[in-house]
Structure formats: C-alpha cells, structure tokens
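Structure below; questions to follow.
Chain naming follows the written order as A, B, C and D, and within any one chain the residues start at number 1.
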Amino acid sequence: MSKKIKLGILGGGGDSLIGILHRVASSMYDKYELVGGVFNPEKSESIKFAEKIGIGTDRIYKDLDELVSEENKLPETERIQVVSILTPNFLHFPMAKQLLENGFNVICEKPMTTTYKEARILEETQKQSGAIFAVTYTYTGYPMIRQMKEMIASGRIGKIQKIDVQYYQGWINPIIHDEEKRANTWRLDPEKSGISCCVGDIGTHAFDMIEYVSGLEVQKVLADLNYLYKDNKMDIDGTIMLRFSEYVKGIIRSSQIATGEENNFTVSIYGEKAGLKWEQENPNYLYLMEDGEPMKVLKPGHPYNSDLSLDGTKLPPGHPEGIFDSMGNIYKGVARAINKEDYHPGEFPTIKDGIRGMNFIEKAVESHNKGNVWVKIDE
Amino acid sequence: MSKKIKLGILGGGGDSLIGILHRVASSMYDKYELVGGVFNPEKSESIKFAEKIGIGTDRIYKDLDELVSEENKLPETERIQVVSILTPNFLHFPMAKQLLENGFNVICEKPMTTTYKEARILEETQKQSGAIFAVTYTYTGYPMIRQMKEMIASGRIGKIQKIDVQYYQGWINPIIHDEEKRANTWRLDPEKSGISCCVGDIGTHAFDMIEYVSGLEVQKVLADLNYLYKDNKMDIDGTIMLRFSEYVKGIIRSSQIATGEENNFTVSIYGEKAGLKWEQENPNYLYLMEDGEPMKVLKPGHPYNSDLSLDGTKLPPGHPEGIFDSMGNIYKGVARAINKEDYHPGEFPTIKDGIRGMNFIEKAVESHNKGNVWVKIDE
Amino acid sequence: MSKKIKLGILGGGGDSLIGILHRVASSMYDKYELVGGVFNPEKSESIKFAEKIGIGTDRIYKDLDELVSEENKLPETERIQVVSILTPNFLHFPMAKQLLENGFNVICEKPMTTTYKEARILEETQKQSGAIFAVTYTYTGYPMIRQMKEMIASGRIGKIQKIDVQYYQGWINPIIHDEEKRANTWRLDPEKSGISCCVGDIGTHAFDMIEYVSGLEVQKVLADLNYLYKDNKMDIDGTIMLRFSEYVKGIIRSSQIATGEENNFTVSIYGEKAGLKWEQENPNYLYLMEDGEPMKVLKPGHPYNSDLSLDGTKLPPGHPEGIFDSMGNIYKGVARAINKEDYHPGEFPTIKDGIRGMNFIEKAVESHNKGNVWVKIDE
Amino acid sequence: MSKKIKLGILGGGGDSLIGILHRVASSMYDKYELVGGVFNPEKSESIKFAEKIGIGTDRIYKDLDELVSEENKLPETERIQVVSILTPNFLHFPMAKQLLENGFNVICEKPMTTTYKEARILEETQKQSGAIFAVTYTYTGYPMIRQMKEMIASGRIGKIQKIDVQYYQGWINPIIHDEEKRANTWRLDPEKSGISCCVGDIGTHAFDMIEYVSGLEVQKVLADLNYLYKDNKMDIDGTIMLRFSEYVKGIIRSSQIATGEENNFTVSIYGEKAGLKWEQENPNYLYLMEDGEPMKVLKPGHPYNSDLSLDGTKLPPGHPEGIFDSMGNIYKGVARAINKEDYHPGEFPTIKDGIRGMNFIEKAVESHNKGNVWVKIDE
C-alpha cells in the first residue's frame, strides 16, 4: 500500500490555475497522493472535476463539514493528513480554523486570512492543535532565494544596511481605466477582497520575502498608496518605506499599474561587505556583488550552493526549473514536517509569516490613510 | 475508477534524474497514473523503489518479459497502456521493439537506438504495430520553441537562409584531461556508448531541433570532430556544417569541452524577412529581429502566441516554467495521441525524429573519418 | 582661420577625470577649440598642464579675474566664447556669476551652485546677460534618453501614471564604515560639500532626468535619508517619494551604500498605454513595454528613432557609444546655441534645470529633518 | 608651441563616418593635432571640409603627391608625422607605400591592401622605412578585449582547447534579394572590392581578434561561403573551420544575411581551466567561466584588471565607454610609439596583422572554391 501522504484539496476545480500549481507541486517528489476534497461549491461539479483529473470520487465531499466528519470516521492511517486551501480569500480563515480544530495539517494559500485579527485567532488555534501549518508564499521555494537566505545568515554580505524590493505588474490597466470595470470587479471591492488590492496581493509577497531572506524584522512602515481615480476604493499601487532599526532602512515598491510589467518581482539586499540581487522572472540567477570584485553569478545545482538550496534543485546546472518546482519545494518541506523527518525551518513559510503579512497590510493602509506617517508593525 | 492512462516505466530507479523528470512530467496534466514497471535490474531494488515513490508493488516486474506476459493477461482496460524507456542506451532498441511487438505504446528516451540500422528496424516494427511512439527530445516541448516553429511555418520570417545552432557544455573537462579517467568512463567507451559521445549526446538534440523548428531537412553534413587526445576514442567536440539546399546552409556547434558552459543550447534561424533566436537556459524568451524594426521579445502565455505554444503554458505571463514543464508538454501530447484526441503533430517527436537522429550521428562520424568531407543524409 | 568656437576651461587640470570628459566631449563634433583657461590654482601648474595637453600657453591665466580682463581686451572675434566650469562645487556660483556678468557663455558642471538662493541669483544674472548657460547633467545626452523624451512627448505611452528612478552606487562603503575616514573626507563635510551628499550628488541627477524625459514637474517630496552613523553629518542614502499631481506619483531611490553597485542609474516611466525603461550602464537599449505586446528593444541609429535621438548618434546601429558621446551631444547643442543655429530645447539642460535641482536638494533635506513629511517644490 | 603629434588624413571628408571616428579618436588623449591632408579627390571640396571641421586650410593638398612633396619641404619638427589612410580600399596599398617610402608613419584602415601580394610588398617597404605602421582593427582597443588577452597570456584559463568567434550582421538583405541592386552595388563587385565581401569585411576582424586575444596562430582553414544567388559574385556569408594544431580547433562564423543582427561580434575562448566570452555590442562586460565556480563578470576600470586594460579606460566603473574610446586607445598606443615612449605590443595592430588578414581572406576563398577543403595559412 502506498505510503504517500494523503492530500485533500479545497477549491482549485474548473479552470483554476492555482489548482494546477498545487497538484503538480504535490506530485514533484513522490510524496503526496491526492485522494479527495471539495473542488467546487457544487458537489456534482467536484465529482466531474475528480473524474477529469483522474482521481477516485468516493472522497469527494459536498463541503468541508462533510469532509471533516467523514474523514474522521476513517482509521487514522487512511485519513486525509493534510488539506490545501485554495478557495477565495475570505474562506481561508474559517476553513483553516475548522481543519486545525479537527486535527488536520493545513497548506493555505496567501493571504492567510482577510484581517490581522483573524490571523491572530488562527495562531491560537494552531498552537492548540499542534498541526503543521504552511502558507504558500510560493517564491520562497526557489533554490536561489534559499541560497540568498543562507548566504546572508552566514554573514557573507556582512551587516545588512539597505533593502530594496520591487513587485511590479501592469495587468490592472484595462480594468482601472474603465469606469464601469473598476466599479464592478471583485478585486477592487473591499467587501470581497479586504482592505487592500495591490499591497494585499503582491506587497505582502515582498514583505514576506524580505523577512525570509534577510532574517530581519520590519519595525515600522510609511506607505503612500495610489488609487488613480477618486471613485476607486482599493489601492492599485503602493510604495512603502521600511525601518528595520534606526539606521537600517528599506523600501517596498509594488504596483499593478506598471504598464507592461508581467510579474517583475526583484529582491536587492545590500550589506556592509556585499550585495545580493535576484529576479523572479529569471529565478535561476543570483547576483553577488562585492566591493572591488567582479560580480558573481550563482546558479542552482552547483556544489557551491548551500544544502537548503541544493535540496530544491532536481536536475544538474543548466536545466532551468521554474515556479512549479519552487512550489514543489515547499510541498516537500511540508511533507518532511508531516512525516516528522528533519527539515530546515526555511523549507516552508509558517503561520508566523501569515500573521506578519496581515499585520503589514493593515499597517500600510493605516499609514496611508493617516497621511503617510510612520506606523509600527506589531511584534 | 481513475481514467488516467496507465503508465509503466523501465529504468529510472535509484537516484536516477531522468526518472524524476519523467515521473513529474507524467503527472503535470493529470493524465497518467504510474502503475508499475521495472525500475532496476534487481527486482528487490525495484520493489524498494516503488515503495519509496509511494506506488503499489504488485505490478513491479523482474524484467520486461515478465511485464509483457503479466500485463497481457489483464483485461485490456486495466493493462499498462504506455511504457517509458529510461534504461541505458543499448537497451532502448530491444525493449522498444519488444514493447511494440506486444502492442504497447512507447515513450523512449534519446538516443532511440545505438545504430541507424536498429532505428530502421524499429520503424518497421512500429508501422506494423500501429502503436504510438515518442522520442523524448525534451527541448521541443518548450512553449517558445513551439512558437518559433509556428512562426516559421506561417512565413513570419520569410524563406530561411541561414541556421546556426549551438550546444555547448563543459562538464567533460575533469574526465578528458585525466588519462585514467578518460580510459575508464563508459561515456568514452564505444562498446558501451556507440560511435559518438558529443554528437551522439547533444549534437543530435541540435539536429532534431533544427528540423523541428525550421521544417527543413538536412541534406548533407561536413563534420570536424575533436578527440583532444590520441588515446581518446570518442569525440567530445563536434562542428558540423549543414547543407539544406544549394544556397541554404547551416551549422551545428556542439561541445563538451566548452569550459564553464552548463547546458548552453541556442537556436538561431535567419529568414529573408526576420531572424529568431532562443536560448535553452532562458527558455521563456523568444527574440524576433526584423530588418529596421526594434527587436521584439516574445514570452509565453500571451494571446499573441500560437495555440500550440499556448497549450504548453500553464500559468499567466511572468511565472517562469522550465524543463519539467517542457517534458510535461510532450507527455500531454502523447496522452492525447493515446486517447485518440486531436493533437498537433508538433506536440511530440516521433520515430522519424529518432531515425534521422541516428542517421545524422553516423554520417557526421563518417564525414570526419573521411577527412571532413560532405556526406549525404538518407532521405 | 579656424571658425571653431573658442573654449576656455576653469579647473580640470592634473589627473582630473571630469577634465578629460569635457575636453573629449568638446572635440567630438569639430565645433570647439580649447584655447586656454585656468586649469589649476597655481599658474605654473596650469601652464605645465597646457603643455601636457598640447595647447598654447599664452591664454593660460592665473585666475578668473585675469582671464576676464585679458580676454576682454581681445577683439570680439578672437575672444573666448564659452567657459566650462569644472572647479570644486563651491566655486561654481561665483565663477558662473562673474562670467555671465562679463558676457561669456557658460557650461557649468553640476551642482550648479551650493544653495538654492545662489541658483536664483544666478538666474537673474543670466537673464540680464542673455548668455547661453548649460548645466551638464551628462546623462540627458544619451540618444536613447532623448528618444524616451520624444516618445513620451508624442503620446506614445499615454498619460504618465507612475515614475520610478533608481541611482545606486556602493563606492562610499570603505569610507563610511571607517570612523576616521568618514570624519575627514570633504565629501561628508557640510562646510565643503553643501547640505547633502547622496541626494546632492546623484539624487539630483535622478530628479533632473525625471523632469527631462517626462515633461512633468515634481510638486512635492517626502524624503527619508540615511546617515548610517550618528557622527556622520551627510546623507549617503536617500529615498524620496514624489508627487506630480494627486494621482500621479513617483519615487527616487538614490544610494551610495548599495554595495557592489557601480553607477546603476535606471529610469522607468509607466503610462496608461505603455512603459519605458532605460539603464545607464547599458545606455544603448530602450525598452518599450506595451500591454499585450512583446517588449520592444529600441537601439540608437535606426530610422525609427526621433530626429533628436538620431542627431546624437555618430555611427550605424551596433557600434556602441558611451558617456563621452553623451557629453559630446550636450556640447554640440551648446555650440548650436552659441552659433545661433536652430536647436531642439532637449539638446542641453539649462539654468532652469540647475535651479530646480538645487531646490529639490534643499526640500528633500527639509522633508527628512521635519520627520519625513511632504514639502513643496517651488514653482 | 603645441607638442602634439601632427596628423594628416587621407579621405574621411564629406559625411564619412570613418572620418568622424578617426578624428574623435585622435583627440581623446590630447596627443594629436589634425593639421591637414587630402579629405576629398577635389581639392576645393577638401578645403570646404577643412573649414567645416575648423582646421586651417594651408596644409590641405590636392593629392598625396603634393602632400608628400610639400610636407617634406618643412623643417622636420613641423612636418606631418603620421598619416591616417581612410580612402577606398584599393588606394590603401599605393598610399601606404608612398607614405612609408617618404618617411611618414602610417595609420591604415582595414583591409590593409586588396591582395596578400601587396601586403607582402608593403611589409618590405615598412621594414626599410622603419616607420610606425598601424592597422585599425578597431575592436582590439576595447579594455575588456585587452583584459581577455592578458588573462589568457597569464595562463588564467589554461591551455586553449576551443575557439568560437561570431560576426553576424543582417544589413545586406535589402541588397542581396534585389536582382538589380546586387548586380550594381560596388560591395558585390570583385573589380572594386577584391575577392570577398563578407570574409573580407568582417571575417577578417574575427580572424585578427582570435590571434590577438589568444596569442595562437591559425594554421589552416576550411571555408564554406554562401553567395545565395547564382548571379552574385561575392560571398555574403562564410563559415570557416580553423585548425591551430592537431587538437586545438576553432570556428569563425561571419554573415551579412543574419537578418536583424546589427554588429553582433562575439568572442568565446575555452581553455582547460576556464572560458572567456565577450560581445562587441556590450563591450564593457567580460565573462569568466570556471569549472564549478559562479561565472564572474569583469568590467572596465577596476583594479583587478591588467595595466593594459586599465590604460584604456578613462572614467571609473559604471561609466560606459564605446567604440570611439576603443579607437582612441589605438591612437594613444600609436602616439606612444611615435613619441618613442614605452608601450605594450597589444596597444595597436601592426603590419603583421594586416598581412595575416589578407592571407586569411585569400585562403578562405581558395578553400571554398576547391570544394571546402583544408588550406594552409602562410607562416
């Protein structure tokens, strides 16, 4: 009998792209078996989808309640061990909470919740459950990001003195400049999407990445958001100054109106001894710049990389891996945690990342609304 | 019951990287289920490996004979439908032949056989069987390669007038410059690896790629191979002039002694109206150069791409996909063929690619041995 | 007799790099003849330098007073027509003032003065003199910057909605982290260098470039500067939010502690229809990104460029020109103005650029000192 | 009185681009003074041109004979010391010969002559005259090419095992595909342009560069040229295999039908320990690839570069210099030679480069005409 971890999925049916990403990621290291879940609000659709993706339909449930109660009837060894939550954002919190309360491990898409308050509640629930909880800040799974983290931790660039992270996209242009469209898209409706569009969706990736690779914590933020039109209720561009300590500063630049940009997420960290740069669209290159030395271009799979980085590369140098592979690495880390194997804390983002991300979003909006003033991030 | 295609694998056990590549690729579009095979020469090892990758062990066989006879006892709907051959090169031919003779569809790693003669025999076998046969020239699955093929076919660059393909690696350096190592590696032993090392391993990728994207056929070759040392029996570098017709010429430059290169496979095709360039290590960029126009940089997932290209992209622009995704596209095409769905002939390389590749290798070596003279490729 | 414009230079002697830049630039279009000046504070040194660079010594003067009085004794047709000021910053203002008052045209290195007040005085002087006055914001002379300016002016990218300019260097690291060095370098001494180091030296380039290419004017700024050490009196890093109008925002990121960066000055302008990007270290590429179109890479010398851009390219496409050529273009524009030929207002930066630059520096420092608040730029 | 070297120029009048290049180059290091010459076949045009570029007209001559006889009447210290030959190719030889015979130093554009035989004669003349003779293979003046040469000479990449040089352009497309144009352009008329178009114009740059940077000499060549049309008399594409010794091989790929390419000249040299790559269109980057190390990107102006490289950089790192600066470096080297100062043999190409270049062209055409066979280069 298969010893793979039994995986359930909530959401991700139909033409969902996030569904494809998670299914492929789960299969990359032969560690998971997708056994069921709730792919669609309509059970009949869920069943059709199960058939389409070629899995059994006996563990397709009409909703999470049914999943929880039916799975819990099974002997522990046959039960779904971990559930991936890919539903619309506002469902992340109640679903994650219910799953944790019922002993399931959870892999949750970001944003983890819709408010910071929910995030804090979830933290309590998770502590009590002792279950594994991962938030899929996908980009942290890239081998060269892991290498960056380890080089910084080892002192390779010296004390950090400046951080600059950009996350630029241009996709919202056709919507934002059309009065009717901007009034009617759920993305720009605070009822449906929470208090922030740009900062909430991509600024938060930048924030998490900074804390992930640098090991530093942001202490306060000063944000200037842009809404472009008086009748638009959600930010679609946000520039956020960061303070790590009195003399260590940083900046997050996020935008959905950077026309022509696709998913241009770049991370630059400057230390007293060297700088490191990485670009998401060319993820297999890490640039090390040392005073007075030729720039070095590190690539995945070479023995000069750290164990954490090498663990995330499947093929030899020169065989490019991408975002599916990055998510696959996060799933691998979660599998190790579930299987109680040794793993590195950098293998997957945890509830702490989710909590800080939610806090960041709220503080950024607060800073903007107060007139671009400094606002503290909670400790 | 799952409607996935039942897949068997020969080879790919232990730490095999090619095994990982094929397993992940097969899972990318929810179309295959790996049900068994022969992963190792030792059945006990195969079983251990099956357990490790979390699949059932009841269809793990001691060898291909057993696989064929046991599977054929099963009702047709339960039988393994397609077998991927990932064993050492000299086994490709006999295994593929036996599988075809017994009605199995085949996915075969390259080189398809060890001689052109074998390739021709296999062609006959395949014709008689009517089975699907794919050779995994992996790089043809990249979305921007498919886009290149379609743009050329549609006349976008005009009549082709020049082709230049490079495949440079540097990995053999530590072996070739060590007298003992070069005498003892199986890679440089003609008994084990056929008549060519560099041309056979990577020159053949270049050759197949040229015919794939350009739609042209090479008519003759003039090769200059390099062995570097008198006692070395296999080429580790090969430059090959190509003639497509009297005035349409090309060049393949392949090397394993291009020190520092990883897997630098680049394709440049120049037509009367425009040129197209692509680099394997940055596979998500296709460069279109038209006389007097700014260079255009095409990327996957945009509506301006062809259907064949778009079919091979899973996420929106700016989310880099890599070589696993490329192989996944080939597996998807094979699945469509097996399921008798419509598919584009460019979705996977066929036995014809395998045959021409074998012929190319032999003709290149012949050209070199005769003193760098022109030698015709069979039609 | 030569009809070249007679050029004098103040400063730029010895090993001065800025001296080489101006001399070469002045010679690029056969329009200037360097006839004399004051290269060094010591006249004997000036004479030695004149001999070294192979010009006559009869018009080498002991100081500016002598230059002015002696040159004014010559018939107008023989007199020095334009003087380039390359002396230390605090001398720019008095020298420029004296030259203008005596009817000389002036080419002045940046910063034009050390205070905004001085800049305003100089403006008056220049108005009264009617002389040509250029400030050498060198980077505005690059052909692809000129092309960017013209494309924006022509509406190619639509209404501008976001501007992001970076100017990152890392050269100050060895000084700033050494207590003694940072206490003693003139660069970090407000007495010698004015009120700002980073913003004054490079932030101001970013500011001028933004107004040059976009045609917009910055209305207010919110700056966060960094001094890194309590005992350091001058900013060595500055992030400055910009407001062009209620909904058009921008950012300048300037740093001298971006370890490993050389002269990484990049300009990104996003409009409603397209974005444009340019990098100073690769100045012959201009990236045009339009929604849903492949990115286009424009290069100098092609007929698709504007007249202003083409005027600044001397050789056909593919022959890279650099910063000397950029400065040469500014000198060419000034020559046309002096010769009363037609010229485009984009050919050289004027006193207005100098004035706004000084105002920007003071307002940025004020914003920082007041606790990172918005401060208006004068109209 | 100016101690600059007195420079005369033959050709380069009117709108000549090569004229601009040489004039600017000569002025870059304050070492030359252009005093006269013969810019146009018509003396009145030459005088007009002299006025336009602002030099005296008293040393503008009607032809070379007059220049030689008049200049020789002047006292030696006032005489033109060096003459740059920028006339049509067929005039290079007779002009250079006459100048050398009359004691002038010569800077000659490439190709040095129209035949190898002429080149050999010129060699004799130069030997007898003892004058300085430089051939302007401009690209050898780039700082990173000089750095490449020095790194190879110092053993940094180990014994060279493979050389690959590309020189691709696409400019001839509009001519070659038009029957009338290709019949009537002087470029494709052997009477006017010698025996080769592509190899003669750009292949020869590749050949010279290889010998310049590698320190190796090509022993034999096997060329495959392309004429594209039966009625076309001159090659417009040439691929040339190179043999340096039994096991050291190389390739030159040159083309004028590589549609969309501008001036894509790239040099790749692979040694036993490392590889080096350089691209003319991005001349300020040199890529060092060592087995198992991150690629290093060297840039001009850093102390890690050799003296020869640093001598060719005028500004600090991050200030891009280009082709004018490259030619300026060659002029600087010639000035040192004329002034009998110490100089490095790598500072300018000599008559030997010119001779080997002419021999290469003839041997490449011979190889092609004989049916793509190996032909020896003279020693």
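Just so we're on the same page, a contact is a pair of C-beta atoms (placed from the backbone, for glycine too) under 8 Å apart; a residue touches a chain by one contact, two chains touch by 3 or more.
The UniProt protein names, listed by chain, are A, B, C, D = Predicted dehydrogenase.
This is a predicted model, so every value here is computed, not measured.
By the document's definition of touch, common neighbours of subunit A (Predicted dehydrogenase) and subunit B (Predicted dehydrogenase) comprise C, D.
Chain geometry summary: the mean Cα position of subunit B (Predicted dehydrogenase) and that of subunit C (Predicted dehydrogenase) are 55 Å apart. Computed centre separation for the pair subunit C (Predicted dehydrogenase)/subunit D (Predicted dehydrogenase) is 35 angstrom, with centres defined by C-alpha atoms.
Computed centre separation for the pair subunit A (Predicted dehydrogenase)/subunit C (Predicted dehydrogenase) is 43 angstrom, with centres defined by C-alpha atoms. Residues of subunit A (Predicted dehydrogenase) in contact with at least two other chains: 261, 288, 295, 299.
Viewed as a network of touching protein chains, the structure reduces to a complete graph with every chain in contact with every other.
Note for the complex: subunit C (Predicted dehydrogenase) touches subunit B (Predicted dehydrogenase) at residues 288, 292-299, 302-304.
Every residue of subunit D (Predicted dehydrogenase) that touches subunit C (Predicted dehydrogenase) in the complex is listed here, in rising order: 1-4, 17, 20-21, 23-24, 27-28, 30-31, 33, 51-56, 169, 261-264, 280-284, 299, 314-325, 328. Residues 157, 161-162, 164, 166, 170, 173-174, 177, 222, 224, 226-229, 237, 239, 241, 247, 249, 251, 253, 255, 257-261, 268, 270-275, 288-291, 295, 372, 374 of subunit A (Predicted dehydrogenase) are the ones touching subunit C (Predicted dehydrogenase) in the complex.
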